[in-house]
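Consider the two complexes below, in which chain A is the common component and chain B and chain C are the respective partners.
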Partner chain A sequence: MSKKTKSKRFKFPEETSVIFALILLVGIVGSMRPTFLKPENLLNLAASYSISALLAGCIVYLLSMGEIDLSFGWILNLSAVVAGLAMIAGIPVWISILLGIVAGGIMGAINGALAVVMRLPLIIVTLGTASIFQGISLISNKSGSVVPTDEKLRANIFFRALGGEIDTPIPFILIFVVFSFFVLHFTLHKTRFGYRVLAIGSNPEAARLAGIPTKRIKILACTLMGVVSGIGGVLFLGFRGAVDPSTGANLLLPVVAAAIIGGTPLSGGAGTVWGSLVGALIVGVIGVGIVFLGIDAVWSTLVTGLVIIFAIGVDQIVRVRKNRIS
Partner chain B sequence: MNSQTTHKVISVRGLAKRYGGVKALNGLDLDLDANKVHAIVGENGAGKSTFMKILSGGVTPDDGSIEVLGEKFSSFSVQSASKLGIGIMYQELRLFQHRDVLTNLFPDREMRIGPFIARKKMAEIAIPVLKSIGLDVDLNQIVGELALSDQQLIELARVLIEKPRLLILDEPTSALNGRESERLLDLVRLLPKQGTTVLYVSHRLDEVFAVSQHITVLRNGSLVFSKPTSELDIPTVIAGIVGEKSVESIAKKTGSVDSNSKAEKVLEVKNLSNGRQVVDVSLNVAPGEIVGVAGLIGSGADELLETLFGARQKISGSVKFKGVKMQTLSPQNSVRDGVALIPADRKRVGLMMDRTVSDNLSQVSAGGYKRGTFFVSKSGIAITAERLVKKFAIKTENVQVRVGNLSGGNQQKVVIGKWLEIAPGLVLLDDPTRGVDIGAKVELFRLVREIAAEGKGILFRSTEISELTSLCDRIVVVKDGVSTREVSGVDDAELIKLINE
Partner chain C sequence: MIKEIRKSRWMALALTAAMVVTASGVATPAQAAPKKLTIGFVVHVIGNPFINQIIEAAKMAAKDLNVTIKVTGPAGAEGDAQLTAVQNMAASGVDGIATSVPAASMVNGLNAIIKAGTPIVQFNGLGVGVNAPYVGEKSVESGRLLGKMVLDKIGGKSAKGDVIVGNCYPGFPVLENRQKGVLESLKKAPGVKIVGPSDVKVDSAANFAAWQGLLAANPKALAMVGLCAPDVESIGKVNAAVPGSKTIGGGYDLTTGNLAALANGTAHISLGQTPFLQGYLPVYVLVDSIRSKTKINFSGFLNSGTEIVTPTSVIEPFKSAPLTFKQLQAMSASNKLTRAYYDKLVKTYVKDWRKNLAPIAEESA
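The block that comes next holds the complex of A and B.
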């Protein structure tokens, strides 16, 4: 028997192929429209897709657990509404921000608790709660936009930075989101909580029998999704300055697509946080690139759909191959 | 020769089937007369189920010829089986739990008037059949709401409706109580007169003698004997099933533990019930002792270990672990208190099949154990895994190999390894040799002995009698959910008699 050595052969990280796909895509659009490659354009693109990237980084947790949350778009909306209304009501901005994030966390916890108590898949539960959160949002802002007064937002350094009024070489929101990705990646792969999430996704019954508190972890993961959606809501409020009733309505596709394109399987047990960031950028490049190429923007949804099918198709072929070899 | 009366229902020559290195059937020659009830008996792994699966067309033999109901086949498919009128009633229920009785009785062969389902026509056929087996249920009732015994009878009715010429029954009474079993046996006895030959597969020898006219004994994939029931008695059949055991192949007991010693018991169970399969079980395990649990399928022995671990809910009774009374049993508490369960269904509930050996070995210590740390380091897990792989001699290229790629025996070692990492005081082994070849079995038993020698208590359930008699210091016999007696130093034949009585 040959003794196994630590450095067998160089292994590319699992995200290599998506990164390559992203570079390829940027190259294609750039070769046809060189202005696309201007750094400020690319940074703007990244900044405008950073909120959906952040949510994608977190939905990876739920996908790794074999679950999916359909309500996060409306959690984002309602959290932003809560924060916005609090500011309008005269509550200090920092506390309003906190209120928005806490509201998101509570909504996430409700999702998780319902799924655990009713023993239902999260997808079913959030189908219902999504409408509830949307409904509450519509009632509380009377189907109108929530616009905290300018001076209030401008008085807060966080919002000034988000709104781009403080000069940073890289958009502030991008810095914030990349930092969040370090935290999300670390939590999934280096902490006990992340370990347990992946164990539940691999085999829920085996996880339960190994003494893992599966119910608590489920609720915690949903709460995390709520908190991150809440943060997303606050970022949105700062980035755009207002929330309207349709905010968050169109997030489901780009976010879940980003996670799947990034390489997180829907079957659970595995997930890549960094992959989802790359996936979000791919979705972004498709959306913006189509406009650059002079194609009507309505095509971007179709193309995104095709890319999803392509990504999961490739993933499935790789998996089937692997199983056949073994 | 009068072919009308003596024609063979089954005639096989040199039938062989191997799974990997295991010979499930080893050149079987067998002739069975038509219009009789034939019983087929043998231990697990004797080749009964492979034989049945070949007859139903589900498994293709590697070698040999099959003649069924006078027709010769070289290959035999599910289609040819159903064309010939071979009906099979499996031990596991194959019912659509969410649909009604009538729909279940006509799976994919429902009658139609034009494009519409003709429920009335189907009911006219179904009612007499249900009546004949004494099952009184509403045809519109959802099957999942019925008692398990009724479900089993529906499974039977579903086969009988096809009026099979050959009916294969696999442990048909495993979910039935005494009275229901009687009813079923009465029915089976009548079938040959109606032109149905019956192959009756069961572990319960009393039933076999009550119902059959002919008994065939298989052992290790070969025929031991095939004789009319009238020429046989129970001891002869048991001797045939057990054979001259090569018990030596399984490492013999090293030293017996004095179970009456004053040392505190690792486990004390009094009147345990889970409200369903486990009715009233009392037993205890001393440190260093291997206690066996013996019982037929459906006796409650299957569920006992899961109930003790907390995977199933306990209804009443007391469980003391190392002298401390356990208030609630749950997997989390068990991990905390050092109780390990090696589950029977390794693939479904024991392992994360798509994950690496390393991830699986750390599942309990890093994931479930209370004293685990907040941070989990991949390299730390891998180092632990490498140590465990060496300790338990798990055959794997490295610890980053998918656990699903390992052989059954090595998978089982991973399950055992992940639990022993938290140094449990009590190990519940639930049929650990299922799907494990004989070489790995010997190794597993050596491992179990070593674990016991470290002073841990072991509760060992097995469906194979010889494993229990050769490995255990004491054996608790469970019947109908009740621990009826405790024995030690019995041989295989005695134990078979005990669990059958």
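The block that comes next holds the complex of A and C.
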């Protein structure tokens, strides 16, 4: 009887706790600096962190498999360089964009293939490929920035829409990223590929014995990470109008942090795409909050770390209590 | 059980609130004053000794001009993270922003902020195309000077042998300009073979390891030339570890560690770029233009000058008062001495910044 009662009880989605932490942070910063809550501020904040959010949404796949990719920042960089150089060379903008995304996919597939062939964890393989992709990027752009400055290029709707020259109530990049999250969520939780990813992360040996082609799925997941990083690269190029040798260098920590804060465990077997979006927003709110509250630069790194630990703590307390009830 | 959950949620809420409130307590104290100007100061990396000298000078300007200053920047140098910090500053309602611009991808974003009405001054790293004045050294020219001084030390145009060149941040425009100048001067000696430029990394430990490896691979090198703040100190330590080393060490910036390397004879030349001016002048220009309601949404160059320092001499720019090496060392560790020394410059060069504003092309001339 009591079991029946429990099953009928409304269940909050698993992202509830992390959404609670986000609302809490926004509320606290907003109550102390009301200008923070201006809609345009919040939208610009979300737009600024949208590319790292997109990557966080995709790295959930790899974390769910118990793997981690260290090279996606440099895949993003090199994809943007490929697209940018193609545009400068006179290749039509949309074909250049496609080239950048395909380049990202190839780099991701190389990561996956190397991990499978060498029978090594992805983290070790990508430790090496990250440097390779960075090196190729530096050689390709002669260690300088890639800036498509031609007026005809800048007039293309790709640059105008992403660069904010076309007025939309919500930044275009944000609309695109939210749409991508629907696709990523659907693919992880509603398709055979997604179930297989989660099954491999839950128990790789059992997945193999159940007939899941684990090697192929691993390569596909890495390719997906590459494609999404490539999309991130071309979005960056359109959003900022240039790509620098350092672009993507510092993405690893905020992206992985966003996925973990969002509720995806490092141990694999589970993952929440929407949680990673909220996690990315938490990372963003902390960054913006530090500036709005006027916290001195010397203190900001410490405060960032403390607030991240605390956000995870709030999430964990709520999660553990929820599990105890069920 | 439900009560316990509620209790733990409320506890979590209260603790988070307490943490953020406590954190906000370290905000600069004067920000509550309604009519006082607030200037945002965004650097490209936090925790670098040279950048700290710039930050300290900016704070001195804020104190002198009675404005509030908010300092921020990413922990690792990366353009997008820095642009986000600048955008956050603008959104928080500061009256003006001074920022270094290490990346071309920041240009459009900065121009959008300027267009929306927040004045910006650039310092230390120049963003080509940003509609704002820039305070910094003449980067190619200072490279030429360093190259020439190193060449003079190793035998002039008749020198023969290897010279190692290291760049801690390939692609950073100002460093690329310095590199261009250094190579230009060194190429005047046909017998000199350039080794590099190699990536010697920014982090001090990695920087030391890179220089150590480079000297081990080229033990007969005549000179090691770095382009960034950590290089002179690293080169000094590498030289010190090789008994009887005669390799000349040269580079940039007058941090305490670099001056110590010059003082003990393990490094030989370091060029400064007057960090005091790079921190003080942007804040002064912003405050002065905001108070006088002058628009500064155009490019322009304010030279921060080049300081030439060897163990035996110190030459400061703008005909500043003579300085001994020991006085310079004392200044590098004291804000009070630094402010006192540059007082004359504040009353002349800084005050007359409009007269000294040159076309931006002069920066890389």
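Convention: the second predicted complex is superposed on the first by the 286 of 326 C-alpha atoms of A that agree within 3 Å, B and C clash if a C-alpha of one lies under 4 Å from a C-alpha of the other, contacts with A are read in each partner's own complex, and residues count from 1 in each chain.
Criterion: contacts are C-beta pairs under 8 Å (C-beta built on N, C-alpha and C of every residue); 3 or more make two chains touch, one makes a residue touch a chain.
None of these values were measured; they are calculated from a predicted model.
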{"item": "First (chain B), second (chain C), both or neither touched by A:Pro245", "value": "second"}
{"item": "Contacts of A:Phe310 with chain B and chain C, given as first, second, both or neither", "value": "second"}
{"item": "Contacts of A:Arg208 with chain B and chain C, given as first, second, both or neither", "value": "first"}
{"item": "Which of chain B and chain C A:His189 touches, first, second, both or neither", "value": "first"}
{"item": "Touching partner for A:Trp299 - first (chain B), second (chain C), both, neither", "value": "second"}
{"item": "Partner chain in contact with A:Ser145 - chain B first, chain C second, else both or neither", "value": "second"}
{"item": "First (chain B), second (chain C), both or neither touched by A:Phe179", "value": "neither"}
{"item": "Chain A: partner with more touched residues, chain B or chain C", "value": "C"}
{"item": "Complex contact set, residues of chain B against chain A", "value": "309, 311, 331-332, 334-336, 341, 343, 348-355, 359, 362-364, 366-369, 372-378, 397-398, 402, 404-405, 418"}
{"item": "Parts of chain C lying in touch with chain A, wherever the complex brings them together", "value": "1-2, 4-5, 8-9, 12-13, 15-17, 19-21, 23-24, 26-28, 31, 40, 43, 46, 55, 68, 70-81, 83-85, 87-89, 91-93, 102-109, 112, 169-173, 176"}
{"item": "Chain B-facing residues of chain A, complex", "value": "4, 8, 189-192, 194-196, 198-199, 202-203, 205-213, 269-270, 326"}
{"item": "Chain A to chain C touching residues, read off their complex", "value": "20-21, 24-25, 28-29, 32-33, 35-36, 38, 41, 44-45, 48-49, 138, 141, 143-145, 147, 163-164, 236, 240-247, 249-250, 287-301, 303, 306-307, 310-311, 313-314, 317-318, 321-322, 324-325"}
